[in-house]
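Below: one structure in structure tokens.
Read from first to last, the chains carry the letters A, B, C, D, E, F, G and H; within each, the first residue is number 1.
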Amino acid sequence: MNKVSIIMGSSSDLDTVSEAINILKEFKIPFEAKILSAHRTPKELTKYVEGSPRRGVKVFIAAAGMSAALPGVIAAHTILPVIGIPIESGNLKGLDALLSIAQMPPGIPVGCMSIGKSGAKNAAIFAVTIIALNDRKTAKRLGDYRVDMRRKITKSKIKL
Amino acid sequence: MNKVSIIMGSSSDLDTVSEAINILKEFKIPFEAKILSAHRTPKELTKYVEGSPRRGVKVFIAAAGMSAALPGVIAAHTILPVIGIPIESGNLKGLDALLSIAQMPPGIPVGCMSIGKSGAKNAAIFAVTIIALNDRKTAKRLGDYRVDMRRKITKSKIKL
Amino acid sequence: MNKVSIIMGSSSDLDTVSEAINILKEFKIPFEAKILSAHRTPKELTKYVEGSPRRGVKVFIAAAGMSAALPGVIAAHTILPVIGIPIESGNLKGLDALLSIAQMPPGIPVGCMSIGKSGAKNAAIFAVTIIALNDRKTAKRLGDYRVDMRRKITKSKIKL
Amino acid sequence: MNKVSIIMGSSSDLDTVSEAINILKEFKIPFEAKILSAHRTPKELTKYVEGSPRRGVKVFIAAAGMSAALPGVIAAHTILPVIGIPIESGNLKGLDALLSIAQMPPGIPVGCMSIGKSGAKNAAIFAVTIIALNDRKTAKRLGDYRVDMRRKITKSKIKL
Amino acid sequence: MNKVSIIMGSSSDLDTVSEAINILKEFKIPFEAKILSAHRTPKELTKYVEGSPRRGVKVFIAAAGMSAALPGVIAAHTILPVIGIPIESGNLKGLDALLSIAQMPPGIPVGCMSIGKSGAKNAAIFAVTIIALNDRKTAKRLGDYRVDMRRKITKSKIKL
Amino acid sequence: MNKVSIIMGSSSDLDTVSEAINILKEFKIPFEAKILSAHRTPKELTKYVEGSPRRGVKVFIAAAGMSAALPGVIAAHTILPVIGIPIESGNLKGLDALLSIAQMPPGIPVGCMSIGKSGAKNAAIFAVTIIALNDRKTAKRLGDYRVDMRRKITKSKIKL
Amino acid sequence: MNKVSIIMGSSSDLDTVSEAINILKEFKIPFEAKILSAHRTPKELTKYVEGSPRRGVKVFIAAAGMSAALPGVIAAHTILPVIGIPIESGNLKGLDALLSIAQMPPGIPVGCMSIGKSGAKNAAIFAVTIIALNDRKTAKRLGDYRVDMRRKITKSKIKL
Amino acid sequence: MNKVSIIMGSSSDLDTVSEAINILKEFKIPFEAKILSAHRTPKELTKYVEGSPRRGVKVFIAAAGMSAALPGVIAAHTILPVIGIPIESGNLKGLDALLSIAQMPPGIPVGCMSIGKSGAKNAAIFAVTIIALNDRKTAKRLGDYRVDMRRKITKSKIKL
């Protein structure tokens, strides 16, 4: 089983994170989605992350805004890959979250995506690329997804 | 007893943090100094922070660079005040750390200082202002420190 | 008596600052709220800050936008802790105020919070952590507040 | 076979990228290292990326500075995971490369690391977390690496 | 024949790019407009760019947002001049696209315009300046355009 | 008498500020130079600024780094023009000081110059333009200075 | 006669610039307002600026957005003081204009105000401080304006 | 005749600009190089630019730092293409110059290159792409230059 765990720091992140969830559904990847905060529920977060391998989790996706410690703190408690989504909340529009997630110190990496909905979508696709390494059906779907994406663009017409 | 706990994410932060230590020594504030990382030693950090009140810690000073999760993660495990020093490590010269420390989400505050040595010095003075609220000797020393600072400036001559 | 003094540079800051006021009310911390400007009413500000200790003020919270000199100027006139809220006014959305408040030169610290409403809320909670050091009831309320915050998150459900 | 392909845009990137190479050697992960540019050798790059799966490549690490199109262009030609290292070259010290790599548009993700040497090291560790998902020995080494890292910190002494 | 090829990374860029199209129409410059992505349709893009000289294309205008690899990738496949328009999509409002397009590494230049609609308009005018070098009618129209622009400003009245 | 008062926040600013002093000497403008801090010597600063008109001061030049409150605080205590020099001290290289000085709230203006030595030189020349409004000799010298500057450029040769 | 000349780069700047005009009317300062562009009407601009002293102009206020060359180009053609207003037009919200106006190279200064309406208001007040140096009535009005401003703040009530 | 005119704002820019000159020499493109400033020698600049077409100039390259008005002001006086090089002078390392040059308002375009030496080199190559449109020998040399560039990369070896 190849499950993805999606953790977001606040229920207000769900609108953005749903882009990731839609992709996982489309690729038929099983997933868990949880609201847990590095700052407000550190113990519940630690416990949840540490128990994830037993539940079949292979990849974490973590979404957080502002100082956005969540992805890094998850990475501190697991050796599974962690993908971070910078949420566009707050007055700096996610630039703060982007720097917090990307600028991880040496030793504990997080794979940082773009800010907001495009990043959420990409986080799920990135998880799919990892899962596809050992799952032929997923690899097949990913290949088809790419072909579809290409087709949509090449078929689009410009009305001048 | 009014102890300050100084935590830094890496031994390379000590050069900056020593500015804080010097101030605490000058004000005769007892302190502990530890190297602990939110990302590399999360459990040791949690344990240390939770045990701090029993050892007389009243204020935390936390120094970290880059994604700088340390001050926020300490704040997640204590109701004591946490003061953050953005370390100037990395290619963004501490701007990343400044945003990570200042832009804490609502609920768990950290008092963010300026980047680097001036921030380290100020973190200790800020801890002193907190301790001085209930410690007359420290308040007296803080008042004297201000007078000295003022005197140094008013006595400084400009050689044209 | 442990009073908090909240000073804002302009009446238009009140919408943001009310987040701080609500927290202080919730924690039953007595407070004063004033509109005073470092640039437009410097004398009134000085006089007010210098008289604050006699009225029982233990902590200052200062909110200002743009060049945001207010928190630093208050800190220049007191040895009490000063907490700064960068207001999101102006075209730079508070990034200017954040840098002005955080980047205090060595000697006179200000504890900088995040930009806008989250920073206002955190400023008050940070004041509470300071007051709680010597006030058991406030410490108890702060512990309960944390438990409540945790509970709200762990109870929140994600509708997929 | 689980090979990592490391591609850098310029021979001047090697000083930074060697941090990644050292980690892969330490973890005994087989790897290829190539200098190929999205702008100066687009055809050679395409050909190399498309032939990589046949040579056992499972993960790409791509390092580039300034407008840093390399990781995204690699991702355009593969469904394997691509990890990006923003190189600190140029007058913006890698901030430009960081934004170029992190801000990928929806559909083609790249996992962005921090700027420079810390990012290079983390890129390799991130590749290791992916390979470890299906390679027990690598997973074991990663666990041991974490324990060592933790030990180094907890043993470090602060000389005051 | 002096044709301009306008390529945009996404159909959502058309609203901005239409500013360029309007200018080309006004100057009676023949043009092609295509939606092609450096990341999602790299092969179609390469093929299209390589075939452009045969269709009479003399100048490329490329519009892209976020990591904005498109103009640089076009430039990698042609020795014709490439003009880049940073699209204001995403949470960073085009600052990311501006840096990606302007900060091209040495060897493969792109002429970067301003972000958004003003940049789109200017991209077309810049293409006109290039075409006008060898086309008297276009040079004449450009001179007249300038005179008109000047006249509009000098005739505008300020209502106080 | 048309005196310029130059105030700097720290003796370490003198290296930069001496560019301004050299210009004032060159234009034979009488001046005072003082080290006074908005944060460390607020009362001495207020007293000095308020007494300046009596000593013939017509224009203030104020240099400060980091949160750089000095020029604005001077402006709060005078109706004379205040020119601000952002000092390049600290890890943000004067960007913080530039924003603090330029982004003054409505009502109390400061004329902000560029960061560092070029700003110091320009601050003095700007003071000269103001004094020249009512001083023919100074106006004459300013005209000559411009001619000299022009001559130096037109005479400079490029060695290829 | 002490006239202020207000120049704006585009008629769309008038909404912002009217804040400056209102102040000049309030202080009964005579003024001219013109739309002239450094880029689109360079000759008309030069001619207008050079003729201004003869019409009694003592101070220039120049408003421009984006690359905002206008204030600097005016300063190139006069020895009168030039005050710059960064207009908030374009996707960078005036940060580009702020840097263009403030970061003038050594030799030709411009006094930069804050971005947008607050900067427009302050530009006019700054012009007033210059004119007040040799005009007692204006100095008196400026003093009264300050007292009024102070009074408005001290009278403002906070409704909790 | 297809001459390139290279204009730099200051003799200190020559170290950077020489990268452009070297390329023009390599491609045997005739060129003029001048030091002229938009701020310090506006009249000489205007005259020089207006006379350039008569001397066979087809493309302008303009290098300037800080507020970097030069490229835009040249563009205001010509309908020839203008390519801008942001010089890395000053404390903001060319970010100010980059924004000033790229963020040209609608109507008068400048093709902005990257900051510093890479931008200088690219400015010349960009001029070459324009000249090559109507000059077969130059087009041939540009094609060969590309092949050489490609060859250097594909031949470079990585010493591990």
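Following the convention adopted for this analysis, a contact is a pair of C-beta atoms (placed from the backbone, for glycine too) under 8 Å apart; a residue touches a chain by one contact, two chains touch by 3 or more.
Keep in mind it's a predicted model, so treat the numbers as computed, not measured.
Participant: Which other chains touch subunit F while also touching subunit H?
Facilitator: Touching subunit F as well as subunit H, we find G.
Participant: Figure out the least number of contact steps between subunit E and subunit F, where 1 means they touch directly.
Facilitator: Step count on the best path from subunit E to subunit F: 2.
Participant: Count the C-beta contact pairs for F-G and for B-D, then tell me which is higher.
Facilitator: F-G
Participant: Between subunit C and subunit F, what's the gap in Å when you average each chain's C-alpha atoms?
Facilitator: 33
Participant: Which whole number of Å gives the spacing of the CA centres of subunit E and subunit G?
Facilitator: Computed value for the inter-centroid distance: 34 Å.
Participant: How many angstrom lie between the centres of subunit D and subunit F, each centre taken as the mean Cα position?
Facilitator: Taking the mean C-alpha position of each chain, the two centres sit 49 Å apart.
Participant: Starting from the mean Cα coordinates of subunit D and subunit G, work out the distance between those two points in Å.
Facilitator: Once rounded, the distance between the two centres reads 51 Å.
Participant: Using the touch rule from the top of the page, what residues of subunit D touch 2 or more other chains?
Facilitator: Counting only residues that touch two or more other chains, subunit D contributes 37, 40, 66-67, 90, 92-93, 95, 102-105, 107-108, 114-115, 118, 146, 149.
Participant: Pairs of chains that touch, anyone?
Facilitator: A-B, A-C, A-D, A-E, B-C, B-D, B-F, C-F, C-G, D-E, D-H, E-G, E-H, F-G, F-H, G-H
Participant: Considering the complex alone, what residue numbers of subunit B touch subunit A?
Facilitator: 9-10, 37-40, 42, 46, 65-69, 72-73, 75-77, 90, 92, 95-96, 99-105, 107-108
Participant: Where on subunit F does subunit H make contact in their complex?
Facilitator: 88, 93-95, 114-116, 118, 146, 149-150, 153-154, 156, 158, 160
Participant: Taking the touch rule as given, give the residues of subunit E at its contact with subunit H in the complex, in rising order.
Facilitator: Counting only subunit E, the residues touching subunit H are 19, 58, 79-83, 98, 102-115, 117-118, 121-123, 125-126, 129-130, 132-134, 139, 142-143, 146, 149.
Participant: Give the list of subunit A residues in touch with subunit C in this complex.
Facilitator: Per the stated touch rule, the residues are 11, 14, 21, 33-37, 40-41, 44, 66-67, 90-93.
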